[in-house]
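Letters A, B and C mark the chains in the order given here, with residues in each chain numbered from 1 onward.
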Amino acid sequence: MDFSTTITFNGLIQQFIVGLSRTTILFIVSSGLSLVLGVLRIPNVAHGSLYMLGAFLCYSVATLFGNSPIGFWFAILLAPIGVAIISLATERGLFCHLYDREHLMLLLFTFALMLIFHDAVKLIWGSEYRSLTPPVIFQGSLPILGMPFPKYNLFLLSIGPIVAVGLWFLTQRTKIGKIARAAAVDRDMVGAVGINVSWVFASVFVIGCFLAGLGGALVAPTQNITQGMDHTIIMEAFLIVIIGGLGNVWGALLGALIFGLTDSMGIMILPQFSIVFPYAAVVIVLIFRPKGLLRATW
Amino acid sequence: MRRIVSYMMFVCLLASMIGSSTLTFAASDIKVGIIDTYSGPPSSYGLDVLDGFKLALNKINANGGVLGKKITFVTRDDKFKVDLGLTEAKELIMRENVNLLLGTINSAVSLAVSDLAKKEKIPFIVTYGKSSNITGSKGHKFVFSMNENTEMIGKAAAIGLAKRPFVKYWIAGDDYEYGHAIADAVWNHLKKIKPDVKLVGQSWWKVGEPDFTPYITSILSAKPDAVIVATGGAGCIPFLKAAKNTGFNRKVAIYMHTATELSTLRPLGLDAPQGVIGTANYYFYYPETPENKVFVEEFKKAYSRYPSFGSLIGWYTANFIAKAYEKAGKVDPEKFADALSGMTIDSPIGKLTVRQFDNQLMLPMFMGVTKKVPGYDFLIATDIVTIPAEEIMPSIEDIKKARSQD
Amino acid sequence: MPPDGLSRLKWFTLGMAVLIVLALCPQFLPRFFTYLLALILITGLMATSLNVALGFGGMYQFHHAVFYGVGAYSVSLMLIKTNLPIALCFFTAPFASAVLALVMGFICVRLSKLYFGMLQLSLGSLVWVVVYRWYSFTGGDDGLHGVPIPSLISSVSGSFYFTLIVSVVSLGLMYVILNSPFGQILQAIRDNPERSETIGVHVRAHQLVTQVIAGFFAGVAGVLFVTVEGSAFPDLMSWTLSLEFLIMCLLGGWFTFLGPMLGAAIIVSLRTMVGVYTEYWTTVLAIILMLLIFFLPEGVIGYLEGFFKRPDVSTEEDR
């Protein structure tokens, strides 16, 4: 087939900004995954399911309020909290007995959780497609450099830095963050100085899952909410965490940037083969830096 | 504790093996085995088909069944996986002893089961798989398609689009077989009807792509007249949503197969963009025939929702099955296949015929444009143009050529 | 592991008895169960090949299904697109998997444990993307169907006998390899890579060879799958399928030789039988898996072994 794509400067800038808003979601989800992986050493395959759960909860809460703007804000807030509560229950009920097991066991355990969440979502919400309308102020688009840019994506763009700064504050400036970082390096030592490691782990797990739920809730108005949305995100999130460095939150940011931007730039430059770009980027990074770009926490 | 658990597991396994092998069904029934996707995103289509099928079946059985026998059915969930679908098909044929197979939305499963049906000489009726290979290059005596296929979609779209003034096109779609097959079919036929059309570019996204904004912005910067969007099922909804949020539909004309279908527009509510051109095989509000009104009423009464195209497929498939067994005179796979091939029945969208040559159902196509209409809490299609089945059926010569190459 | 003379005889007799019973199965079992047995053998062979790398090699083989799929695709493509003799197609296909295993292994063995697994997972996904996207060659997501295989080995009982013979030979070969000096060194590496390194064992080379062996036998399983089902499709190399194989190893016992086979038998029968009654069989699987991780971390055979004799296996203490 004959075709010629014209790439303009404005178009590139536009594509870059769109890529950034995509990165936001990827970062929020994969930073949660990275946190859990780094501190608790659980490769949480069910992380994607929690993301899906966040989206479904967001839908249900917003519908409960009759799709009013207030309902939307409540939904964005309540959905991740709901996910956090569920994750707290799983952590206290199940995971906390398994911390000394091999990674492989933990991986398979979270896989089992993923299967259960999947069936549970099917049982509760059925199989219909669902779609959520963002509040009126986020509908439509604003012109940026002569191109329409969806307002909701601008909102997403502003959330990204807030989450990043919040995470930085949490891990660097609070007591729990410091303990968690120490526990990631040497958990026996932390336990030896008389700190209740178990509860530190629980809170880290809950925070990580909260982020998955937040990602799901934020993404809900931009796509259809279905079973199966967990599958795509979990693979991407894992790849991001690996190229960033296991357990490193900043690595997750870097990985999400690489993944999101190669994706959106690939769409602009070689749209026919865009699907290959992010994967190729991952493989290139791993060939040169097999342990990820930034130092892993362990 | 450990001991108990392991014993429990063995007992469960044993019980399930024994329990399942002692199950027997009344031999006098005609048994239909349905394999379809009942979990994951595509399941809403499968459930629509099943509901339509049940609706027609209940009526047939209430009127005494066929050949003095009732038609019963069993379902299996293939979870959109080929290996699972294949095992289930074998289980249905060899253990449940079904008389015919029905299914599935996944073209890969359809093709795999079709191959099995050919070997086992069991009729297999494809309900929602849209690959043109099913009745085309891979067609055989025992496989039937009750749905439109990618070739038909392409021809219909080309006929409809050629009447519109667009010259510069962009093609975008789901990066899998179905997306590419539709795009190729539309483009090849369009080029034939209207040789001056130009392809400005293409974009392909992965199936299940969550966010279409980057694709839309990159398409907009190339300024085409119209975009042919080739997404299947799950992709339509987020694409239309992103189209509305970016104002895409107001800048460029969009054509998308199934864009006007109820299964796509209903979940979007009033959030769908207006003015999108779409093709579909059925609307519950069109054609406005008495038969259609009766069907819609009955379906609404039974399931308290409007019927989609899937529901109609289920409905006429059941009627085709009943009539074919009646014509065959006995429950025999060869006789059934011979009877169904070339058969015509009445339906809410007029007379429908299974083409004798390739066992492909001849379906008309309706091209319409999405619009907000008072009285509905979702958008519906307006300015509907009917493209008759005869004009869009794949050419027999092409199929012959494709089959001889294999 | 090497048994003494008497019990060796005992095991041999037992093995032969099982073989004879299996060989007679198609004569008295309904067709569907013969097919199911063939499927169990293939899945079991696949899980055993995974376990060579996982249980005996100590490598986190997260995406083993890739080699299964490559074996299946190689044989299907050769049978469909070339006029090569059928026997040659069957024979060479597993080597395609072995070559891929060599390439992927070369990149992955630099790392250990979770890093190894994750890198393998991403490389495997790349292979999957290529197969999924390369329509003109692999048939894309529609896959390849109706692979021309002579009816002698593709009928239900024919494919069963073919599967039985090939998988028994493959299992035998793997058993011999694992009990050879090479296998002993491999297990020593698994239990303590640092110590093995210091006594002069080339750890990476051994791991790489193990990768190739595991990949090869996964390819054999892939070829058998095509013989039984007549199809190849991208699902065969999806990462969820890889996790299912991992579960089988875990379920049967991943430090035992026959454990994965038992795990495969349990999972395949469960999937087929529970699937008849409910769409939610995955939940049943998940609950079994959770119970297993909590109560039977060594798997069924591992547990039974510990149950019948004193748990005095030395490797157990090292771990």
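What we mean here is this: contacts are C-beta pairs under 8 Å (C-beta built on N, C-alpha and C of every residue); 3 or more make two chains touch, one makes a residue touch a chain.
Bear in mind the structure is a predicted one, so any value in this text is a computation, not a measurement.
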Checklist line | Graph class of chain-chain contacts, one of line, ring, star, complete, other | finding: complete
Notebook entry, point to check: Counting only C-beta pairs in contact, which pair of chains has the most of them?
Noted result: A-B
Note to self: Can you work out the whole-Å distance between the CA centroids of chain A and chain B?
What the structure shows: 34
Next item on the list: Report, in whole Å, the distance between the mean C-alpha point of chain B and the mean C-alpha point of chain C.
Entry: 36
Item checked: Per-residue multi-chain contacts in chain C, two or more chains -> 133
Next item on the list: Return the residues of chain B touching two or more other chains; collapse runs of consecutive numbers into ranges.
Entry: 38-39, 175
Check: Which chain A residues sit where two or more other chains touch them?
Finding: 118-119, 231, 275
Item checked: List of chain C residues in touch with chain A within their complex -> 54, 60, 62, 107, 110-111, 113-115, 117-119, 121-123, 125-126, 129, 133, 239-240, 243, 246-247, 250, 280, 282-283, 285-287, 289-290, 293-294, 297
Note to self: Considering only the defined contacts, which chain A positions touch chain C in the complex?
What the structure shows: 43, 45, 94, 97-98, 101, 103-105, 107-109, 111-113, 115-116, 118-119, 123, 231, 235, 238-239, 242, 246, 275-276, 279-280, 282-283, 286-287, 290-291
Next item on the list: Using the touch rule from the top, collect the residues of chain A that touch chain B in their complex.
Entry: 1-8, 10-11, 14-15, 18-19, 21-22, 25, 118-119, 122, 127-131, 133, 139-141, 147-153, 219, 222-224, 226-229, 231-233, 263-264, 267-268, 271-275
Checklist line | chain A partner contacts - residues on chain B that touch it in the complex | finding: 38-41, 43-44, 47, 172, 175, 187, 198-206, 208, 210-211, 213-215, 217-218, 220-222, 234, 237-238, 241-242, 245-248, 251, 263, 267-269, 271
Margin query: With touch defined as at the start, can you tell me which chain C residues reach chain B in the complex?
Written below: 30-33, 35, 39, 132-133, 135, 139-143, 145-146, 156, 229-231, 233, 235-236, 266, 269-276, 279, 288, 291-292, 295-296, 300, 303-304, 307
